[in-house]
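Chain naming follows the written order as A, B, C and D, and within any one chain the residues start at number 1.
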Amino acid sequence: MSDPAMSEPVLSVRNVEKSFGGIRAVRGVSFDVRKGEVLGLIGPNGSGKSTLFNCILGQLPPDAGEVSVNGRKVSGMRASQMNRLGVGRTFQQLSVFPKMTVLDNIILAGQEHQGTMLSRLFGPADAGLTEEAERLIAFFRLTHLRDELAGSLSYGQQKLVDAAMAFMAGPGLVLLDEPAGGVNLTMLAHFKERLAAYNVEHGTTFVVIEHNMEFVMSLCTRIIVLAEGAVIAEGTPDEIRSNQTVIDAYLGG
Amino acid sequence: MRGLSLHRSWRLLLIVALLAAAILLPLGQKNYFIYVLTSWLIFTIAAMGLNLTLGYAGQISLAQASFMALGAYTTALMTLAGWHWLVSLPVGLTLCFVVGLVLGYPALRVKGHFLAFVTLAFNTLVFLVLRNEEWLTGGTYGLSGMPRPEFGSFSTDKQLPFYYFTLGVTVLAALGLWAIVRSPWGRAFKALRENPIRAESLGVDTRRFTLLAFAIGSAYGGLAGALVTPLVQFIEPGSFGLAHSLRILLMVVVGGAGYFFGPFIGAAVVILLPEVLRFTEGYYLIIYSALVIVMLVFVPSGLIGIFGKLRARFWPRRQVRADMAEGARLP
Amino acid sequence: MSQFLQVLLSGLATGAVYALVAIGFTLVWQAAQTVNFAQGEFVMVPAFFVLIGMHWLGLSFWISLLFGLVVSIVLLGLVFKKLIVEPILPHGGITLIIATMALGILLKESAKEFYGAEAQPFPALFPGDPINLFGAAVSLRDLLNLGISLGVVVLLTLFLNRTRTGRCMQATAQNPGVAEILGVDVKRMVLYTFLINAALAALASFLITPVYLAKFSNGETLGLIAFIAAIVGGFNQIRGALVGGLLIGVLDNLTATYVTAQYRAALPLVLLIAIILVRPQGLVGTSEGRAV
Amino acid sequence: MKRHRNRFSVDWEDKVGRSKNYSGLLLAALIALPVGSVSAQTANTVKLGMVGELSGAGAPSGTNWRDGARLAVTEVNAAGGILGKKVEMPEYDTQTDPQVSRALVQKAIDEGVVAIIGTVYSGSTLVNMLVAKQNSIPQFVGSEAPTIVERGNPFVYRTSSGAQKGVPALTPYFKDTLKAKKVGVAWVNNEFGRGGRNVFIAEMKKAGIDVIIDVPSEQAQTDYAADVAKLKSANPDAVFVYMNQEESARFLIEAKKQTLPMPLVGEVTLTEAKVIELAGPAAEGAIAHVGVTATATEVPGIAAFAKSFEETFKRKPTHDAIKGYVGVWSTKYVMDMVGKTDGEAFSKKMKGLCLKVADHPKILLDTCWDDRGEMSRPSFMVQVKGGSPVVIGAVPAN
């Protein structure tokens, strides 16, 4: 892992404000994420982390402030453009293509980064991605399921496929939206271990939004805590664990 | 691996056998039979296009007959003006492609039944224009006397040569569609159908693929129309009304939406069923629609789906390979 | 002026019937996400039930009406929901759309096979004698059609807002999950909407058939127009269906009179496309709810 | 790489594979079909192919046409058949689809019919008559669009006068009886309505009568308020109404409601029994020119036909029923005269043929065909009085 302090920020959030009606969901949040970091974004229900997450994804235009990825403003950008900019993401709900095979799911996740529209029509059926996809499938230990329809997999396996798709295009930044939700404990340990390994092998930056404290604490290198739309704490997992403001926010909120 | 390639060669053999059957079948048959076979092929092409739009890309369209109309009228007007069919074809296809793109725009905003009604409205609008703009389309009397194409010494004037001509076009159209659905485009279309939001987040430009699904599907409709003109040698607006769009939709659904060979089977059933049920006299439409409802209740994936179910029951899809199942299997 | 008034009033009377059919659409959509492409046939068929009652069973006209209403509610409400909607809805919306299209063909062809292809006269519920209203001829029938449609909207709105069952139905329409938790019998509420839809279709059938005549193909345009009315007005509002129905009825007549008769059928379609693209929630609809 | 692609395409290939067995089944069905459908064309029967609109929008016309033809076949068989052989009449439903009708005429000919009885809708006839012509098979049609006999097809014959004959028969009525100076026309916008409307407008021009308002309406239209309101405010001396049955009835109902004051004059349909039944009192006073009408009961053949039709089918015959009836009987008479079922000979015989009721009673009225297949015979002016059509004048054959 490279030294986070040395490189340019991959993701930069500057004074982001967002209100719905009279409610200020996000109040002037700023932070940077550097290459290779695994940043956790946590907070009690209604703390504004989902709103902020959507601002980062370019889905919600902030009222003020801006979000940039690799120096480019993301507000109003379409999801496919974000993806081509090198941003992968996973979804809170199951988000695979159920009637396509696991291999097809993974190849799809990479094919739009290969060649042009025309070359994708006339070129090879797999856009030359089969081997790469198989490597990724093997990395998540799904090889035995390669030719199964994704919809026939278990919940946890589908979560792995979802994550593998997010990684397929070799993104610099991956946004994980509640990856631990609904996954059983054994699978979760495997999932966490694989994510951490991927981060180490490829130096990919992660931003994780998650409720499961243990998952966040053990996966992330840095954690930002939101409450009532503002950052109330920031630091390593150990620092956050002992932060009185955070404890109050969770117990009081 | 060995088993799979064995499957492949079997399939190839079957395709060749079917093609041979398609070539030999009409020999020595009467004109009506050949005519039915020809219209089966033509409707198969139209249904293939809708299968791309609906079956692969998940966008419902009730306007396929109106694209047949665009293709048919373009071909009719141009061949009547003395152009060769081969010249009129690209004009008709381009027109359908472009109009299909335009019709795709509403699909960017609305889905499902809303889209169904927009396309249905479009179909009816096309019908009204064809009927009312007499100076161009001949109005309710339609256009007649269109010549059948000649290719050197190969004249399609007789029923049998025209059938072979249509068969050739169908095979080319099927190959074209096969190339599309097995390419990364095909994967993107399926992704659009299965989960458009996820597809978009993986870099698939879903807007572009939605429009393309309509445009390509419409061009296939236009191709079918371009064949109707020389087959019937008479076209009028009523032949491209809403009922025909519904008929093509039923072909896709009955055959099996999203299956490559679905349209072939669906078109065969929709065209041949009246023949098979003829002994029931006036009741065949009743029986037919009841059968469709029953099928949708029990096998919504169409007739191919029935076969799939039977196959899964008697011949399991794939044995679990012990070597792979070990080790990586997660609890 | 009298021509304008004539066309306007006739349009309102016709539109009122569209509205009745459109309300049924709206209810079923809200409760079960079901768009019934056979809705037009649902309006065509009840008149034939009445004719069966009169001609085959030898019942008097008013008893036959009651017979027609009951049979409609059972077949087009209960049986439709249990035998078609319930098993097919899990397969997805498009599948259900196609199934209801097939149902439309089934009803249409059955009416034709069992009752003949020719139009049949249908006794009038109300006298059709014209009344002169500022130079426009209006029949009592027109006024009653209009009055009944308005009455149905008022009654339905009262029912949905003021009674316990009505509020349970609304809760079901808005969020079946929450309604279930709150102890609402969701299945029963959904069934009620199907029964109400069938009753409304039967009512519309009885009102229009004296003029439209009983014919197997009557549903073809009616279902489409009613759906357009529902969308134009707003799919998640009962009063939206009313506004849409009246608007289409009036605009259709105005177009035919003052703009073009050849393209009169085009106007509702163009209106539909425009509304869907510009204001999918409809003219009086709100953007919340499940319609969009 | 290649290996992977093989494996990758498994899912899709599966689908390809699944279709196979079904294709096989269908293939078997396809092969079996024509074999099954070639039924015994024994030497003892003559087959006539009834191709008609038994379903779809044209079903009201087509089913009447068929029933008229069925009645005629029963009678013909009772009278010894055609050329002494029993008549069979297989029926083919076009679903009111011209393309299907074309295929079915082909099919009927493949199955050995010696004449085609049908179709009624002009749109269909225009397409399928090409097939009958190619095969030299005589064809009696119920269509009235002018273009049908203008295409130089020697095998197509009408069973009623075309619009270009029937509508002009009305001109003296407008000009001399009604003494109209300005008229209106309300017509249904399909190939039937447009044909009649075009002839009417041309005729009025010739007669020096102004057509001041021209109102097209949709097939299956239900609300005629706008149509009638437009006619009312234009206030012509008379209105020519050219629509199908239910449309005519709905129009009459609305016309009565808005008290349209001028005479409403139609061709054939407007005073048909069905229209009167549907429109009720609103049909009172409507006038029409009728080629041959089931209500012209002073003609003995027509009275007998109407009676046995009602006995057989429990309803009143329509104009289309008479046409189907005449079509079958004409076929019998002409074939018996020719002495064989040959189409070319039939066609030669039909040119300028006149059949007199005295010799051929079931032709109902003295009838002639010209060399294009157009027919002419005496006709009537009819008005609805007291709930039933009454003949108010006879029009000689033109």
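Worth a mention:
Definition applied: contacts are C-beta pairs under 8 Å (C-beta built on N, C-alpha and C of every residue); 3 or more make two chains touch, one makes a residue touch a chain.
Remember, predicted model here, so these are calculated numbers, not experimental data.
Farthest chain from subunit B (centres taken as the mean of C-alpha atoms): A.
Of all chain pairs, the one joined by the greatest number of contacting C-beta pairs is B-D.
Subunit C and subunit D, compared by their mean Cα positions, are separated by 34 Å. Inter-chain spacing, taken between the CA centroids of subunit B and subunit C, is 33 Å. Between subunit A and subunit D, the centres computed from C-alpha atoms are 71 Å apart.
Annotation for subunit D: residues 7, 9-10, 55, 189 touch two or more other chains.
Residue positions of subunit A touching 2 or more other chains: 100, 104, 107, 125-126, 147.
Of all residues in subunit C, those touching 2 or more other chains are 109, 112, 262, 265, listed in ascending order.
Interface residues of subunit C facing subunit B in the complex, by the touch rule stated above, are 35, 84, 87-88, 91-95, 97-99, 101-103, 105-106, 109-110, 112-113, 224, 227-228, 231, 262-263, 265-266, 269-270, 272-273, 276-277, 280. Residues of subunit C touching subunit D in their complex: 2-3, 6-7, 10-11, 14, 109, 112, 116-121, 128, 130, 137, 139, 208, 211-213, 215-218, 220-222, 249, 252-254, 256-257, 261-262, 264-265.
Interface residues of subunit D, counted against subunit C in their complex, comprise 55, 57, 59-60, 62-64, 189, 215-218, 220, 222-223, 225-227, 229-230, 232-233, 245-246, 249-250, 253, 256-259, 274, 277-278, 280, 315. Contact residues of subunit A toward subunit B in the complex are 78-80, 82-84, 89, 91, 95-100, 104, 107-109, 111-114, 117, 120-123, 125-127, 141-144, 147, 156-157, 165, 168-169, 186-187, 190. On subunit B, the positions that touch subunit C within their shared complex are 54, 58, 60, 105-106, 109-110, 112-114, 116-118, 120-122, 124-125, 128, 132, 246, 249-250, 253, 282-283, 285-286, 288-290, 292-293, 296-297, 300.
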